[in-house]
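These are the structures in question, set out in turn.
Presented sequentially are two complexes of chain A, the first with chain B as partner and the second with chain C.
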Partner chain A sequence: MWTQKLKLIGQRFALATPTLLGVIIIAFALTRALPGDPAVYFAGITADEESIQQIREELGLDKSLVIQFFVYCENLLKGDLGVSLSTGQKVSEELSSRFPASLELTLTGLFLALITSIPLGILAAMYPNSWVDHLCRVLVTAGASTPIFFSGLFFVFIFYYLLGWAPSPIGRLDFIYLPPPHVTGFYTIDSMIAGDTETFWASLKQIVLPAITLAVFALAPIARMTRSAMLTALGSEYVKAATANGLNSRTIIFVYALRNASLPLLTIMGLVFSYLLGANVLVEKVFSWPGIGSFAVDALVASDYAAVQGFILCMALLFVFLNLFIDILYTLVDPRVGIDG
Partner chain B sequence: MKSFLEITNLAVKFNTRRGEVTAVTDVNLSLNKSDVVAVVGESGSGKSVTAYSILNLLGKNGWVDQGNIEFDGMDLIKAKKNLIKNIRGREIAMIFQNPMSTLNPIRKVGDQLSDMLRQHSQASKETAPKKIAQLLNQVEIKDIDRVKNAYPFELSGGMCQRVMIALALACDSRLLIADEPTTGLDVTTQKSIMDLVSGLAKKNNLAVILITHDLGMASEYCNKFIVMEKGRVVETSDDHEIFKNPQHPYTQKLLAATPAQNSKVEVLTPIPPEFLLETPPEPSEEILLAIEGLVKTYVLTDTKHKTFNAVDGVNFKIYKGECMGLVGESGCGKSTTSRIIARLEQATQGRVLFEGQDLNLISDKQFIKSEFRKQIQMVFQDPTGSLNPRHTVFQLIAEPLKRLENITDRSELDSKVHQLADQVGLNSELIFRLPHQLSGGQKARVGIARAIAVKPKLLILDEPTSALDVSVQAIVLQLLERLRRELGLSYLFVSHDLNVVRMLSQRILVMQNGKIVESGNTDEVMNNPQSEFTQTLIQAIPKMVS
Partner chain C sequence: MANSTLKQLWYILSQNPISLFAMLLFGLFVLVALTGWMWIPYDPLASNTSIALQAPSAEHWFGTDHLGRDVFSRVVIATRLDLFIALSAVAISFVIGSALGCLAGYYGGWVDRIVGRLADTILAFPLFVLAMGIVAAMGNSLINVIYATALINIPFYIRVARAEVTIQRNLQYVQAALLCGNTHLRTLAFHVFPNCLPALMVQLSLNMGWAILNAAGLSFIGLGVRPPDAEWGIMVAEGANYIISGEWWLALFPGFTLMLAVFCFNLLGDALRDLVDPQKRT
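Moving on, here comes the complex of A and B:
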């Protein structure tokens, strides 16, 4: 049984390799297809034809695409993602310094979404057509039908502009605080490690609103899926049998129904997480969050191909590993996986 | 003195989209310790609802509207939720049909048993393993260690039902409600499960309510009988007199429709239909279908290079106008054989000679265009699943006519469909209905009409009545017999039920592990079975005492 599972997990890993290769090729090809000449941009408005040509040679853009690709791959192997044209920094450094900010925001948003939507979905399934069910329906509809930049701006308008409860949406920390010493890259956690409660509260205040914006967006699919998966599980024969056997309702709901319902939930969670990474780009813009999303948008506008390439690669890697993680989790939760397939 | 369980004037109602529906009215039932009561009825008779109301398992939309249920002096209707919860599984236990889906699919069997034991304080974490071993031993499971650590999908249906029984007996409950516990299981498994239940009931002095549609099983294992129809009790009996001398017309109808060792297809209805009273035509000597050395090999995916022969060298012949029965347990290869003949699957080896022509030599593409596609048709097991839910009866019957006969003229199509509907006894007002607006028997008729639409020579019947109630089965069997005689059709009748197959077939094949272990004339096979497997099969059929 266990050797079989390990083999299965190994297979999943092996299957991820061609995906990664494909991503590298696509990231490369896409950025070359972008409109605009990076050399022109880089040289500035006053540059003449000769200096543009010089820059083009410096960047290796005068060589054929195939050679450029091999050079790119070679650099990738060395961990070199190139230099950002707009900031002049190494793309790898740029991304790694901004990545924790995005991850902190996404994970907080997902966490908020999970702790509200799962209980909500369970309760809605247990008491169909009750007020909880209606609340669930309203939230799901609202969450699914509101564009994320709108809900972000809406929250800023209400909670910052009108009520003044939230701090100004200017990034991860107010100017008066210094970022905590780098450990995990998550300001909330790092400030706790440093024992700096003041910075902790400040960073927490900053993250609440964007995280809620993301959570509202993620809540809809998770709550809806929890509800329908729970309804199926609660109506199943094994729950009926467990009830007839007199098991108490807590065991029935958590051990019998929820564990079975968690299988489709896991699948949807993977999807939601990837949606969130996409939605992040907009939220980061609205809240001036210094994450990789806003970095990528700026780079795209500036035809900064090395940065865009790096971003695509980084996101694709994240997607692949996320799916791998969900797959493996699924294998561990459901004993049937891989036996009849 | 009061009985152990006393149900008086029970009425149960359900809230449905069409308003309040009364599922059960005026049901009375009493049973004493060590009674084994059969509640017999067809689908919709309210037999399960009656049983579920005992443990208040009616769900959110159902409730007991009237009447009393008293168990050992306790009023179960007015009982507090907590009391009911303690009675469930502890005092009154249930087993269900579909044992595979009544166990939690992603929890180990041993853990599920331990949930039960610890819920009712029958064992602590330390003593549970020992108790679980005892319980599994009690239900005659040999390899306890494997079963304990297995998930339900790793066990067979019969094994899962044994585990369910172990769960039900875990807390020494005093009343066992068995709701169609062997539906969907093979006859031999059915026998071993029922023997186990009745043995344990005797040993533990257990009262049992057996809910079943099978009068044979009721007769063999029970000593009290209640017959239900449309939510009412129509007849009760404290002994087997009910089988000899049924009083109510419904009981008589049910008894007649239940296939017994010696019943003939014409007497399945109280009044035999005229067309079956004439002497049947003799099957001709001409061979229609000859199967030679048929092999179907599957490659197992999880273990490399291992193969499995689902059909392993099968030979037989079907004559024109003959019905050939093909009997065996699940997994014996009977369905694969019939699917190969119907050309839904390709044989690995062997010849399928239809009127002398080897069908395996014809490519799939050509086969669809050839005459043979019309001449070999199939009636499927599940009358609901095999009909497109968005097509009307007219469209369903017209489809093969349009595809295979190329009839496009509307009026011609119209008259053909009406004629076919008439032939299978479908009322013409049903012709524009959708499948969900039809009863099971009507759907079966549509399936048959569709199959005979293109005038086939060979009809493959894959368990055509196993999803139907016995009284409907009786009528469908008579219809099939009539069509064979009228149209001179040949049948390959595939079924797990020897008693059903026997009534229609002139000859019978018995399959086991992909091989034919016995073949011969129906009477010979039934009365003087040569192979050991056929003997076990025949013995496993519940016999009605009469």
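Moving on, here comes the complex of A and C:
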């Protein structure tokens, strides 16, 4: 059975390859779809005909599309995403220096969403039409209808302006603190490693509000799916059989129902990640969070195309790997996979 | 048939007052979009800095913004633009997506594989990020925001249409239609497709809310609609700078209206799904 599963995991990797290729082709097409001549853009406003021609040769734009594509792939393998016009730094360096900030925020948001939505969904399914169920429904509907940039601003208004509980939305750390020495890139973890409790609390305070904003957004689909998957599982024959055999309700809910309900839940996580990575951009903008999302937004406004394209490719690659990870997890969790396959 | 559907619709609405509420709200939005320009109290573009940043009052219901423009008039006039963006984007993805999905489901084989691969490739991107990239690459304009929003929604229509057609094509009425001398394409277009419409309509109305959210998100980060045009997303973006100094009405009113619109479409979608497929109710 384990060799079967390993083989299936290998197949998942193989299936991800054409997707990866598709992503790279689209990303390449986006770099070449710039309105007008990309060389003119990259040369800047003051460039004359000669320097534009020089840039065109530098970028390889005078060659055929197929050759350009291979050059693009080669650069990609070397991790070369071009140079950002607005900062003058390499795009790959800009992105990797900002990436921990985004990751810290997204993971915290996802964590908060998971620890609230899954119990909520389970309780709502166990007690249909109770107040928990109604609360679940209200949260799901509100979460799915609220523009995330609006809920973020709303939280800032209430918790910063009216109540004064949260610090001002100016990024990862107040100016009076120094960032902790770099270990993981996560300020909360790094400051703990450095033993600096003051910085830890300061960075924790900064991340709470944007993370809650993300969590409220991600909570809706997860809670909805948990509820409906648990309802299906609890209504199934094997749960009835388990109940009839006199197993205690805790075993039935957590071992029998939840393990089966976790499969549709894993399936929807791909879509949740898709939303979350997009929502991250908006939340970073609202809270001036110095992650890759706000970098991309600033680059967009400044028509800094290399930076925007680098960002999009990065996000797409990340998403492909996340999906692959979910697929593999699915293979491991589902006991049916590998038996008949 | 039509009569019984209406009856069922009325039954669902009377059983579920929230759906009725959503229906009325939708009517209100359409009415505001169509007639708003006739009765707004102020010119939405006329700035008057002497009355800038005034809190809501009897004269300016939603207050005035940093240029002294009346927020209420701007929120009302933006309804038309927001609904227009969402409707045209959803219409484009409905037409392209359902056509591709129908062909893939009916013919199968390599058509199915190509269409499926196309949908997978689009879905391999985080959708909002892909929309950002498309608008950045094709140029920052309103029409490109519509195209981008349409493109990222196409896979969902492909999937629904494909799934429906795969079920429908094995039913006997399809054979009957073919035996009567209809070509495959004609059978697909006039016999199979109409039977897939209910499922597609549900997808469409669930999609409207998400299309509005997406377009507003894009304009929030400065894509598409340009100032001084009034649009909910850009109004929230303009008001964002004033939230921390306490001028909440700039961002809150357009943001709340946007939320209400999305909420309304989501409820309508749910109601429509209950009508078409009561089993999927969650």
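Following the convention adopted for this analysis, the second predicted complex is superposed on the first by the 300 of 341 C-alpha atoms of A that agree within 3 Å, B and C clash if a C-alpha of one lies under 4 Å from a C-alpha of the other, contacts with A are read in each partner's own complex, and residues count from 1 in each chain.
What we mean here is this: a contact is a pair of C-beta atoms (placed from the backbone, for glycine too) under 8 Å apart; a residue touches a chain by one contact, two chains touch by 3 or more.
For clarity, every value in this text was computed on a predicted model and none was experimentally measured.
By the touch criterion defined above, A:V281 reaches chain C but does not reach chain B.
Contacts of A:A296 after superposition on the shared chain: chain C is touched, whereas chain B is not. In the superposition on chain A, no contact is made by A:I9 with either chain B or chain C. Looking at the shared chain after the overlay, A:L247 reaches chain B, while chain C stays out of its contact range. Touched residues of chain A, counted separately for chain B and chain C, are more numerous for C. In the superposition on chain A, A:I26 contacts chain C only, with no contact to chain B.
Interface residues of chain A, counted against chain C in their complex, comprise 18-19, 22-23, 26-27, 30-31, 33-35, 141-142, 144-150, 153-154, 156-157, 160-161, 168-169, 224, 227-228, 231, 273-279, 281-282, 285-286, 296-297, 300-301, 305, 308-309, 311-312, 315-316, 319-320, 323. Within the complex, the chain A residues that touch chain B are 128, 236-238, 240-248, 251, 255-256, 259-260, 263, 333-336, 339-341.
On the side of chain C, the complex with chain A involves touching residues 117, 120-121, 123-130, 132-134, 136-140, 209, 213, 216-217, 220-223, 233, 236-237, 239-240, 243-246, 248, 251-252, 255-256, 258-259, 262-263, 266-267, 282. Residues of chain B that touch chain A in their complex: 55, 57, 60, 85-90, 93-94, 96, 98, 101-107, 115-116, 119-120, 151, 153-154, 164, 167-168, 301-302.
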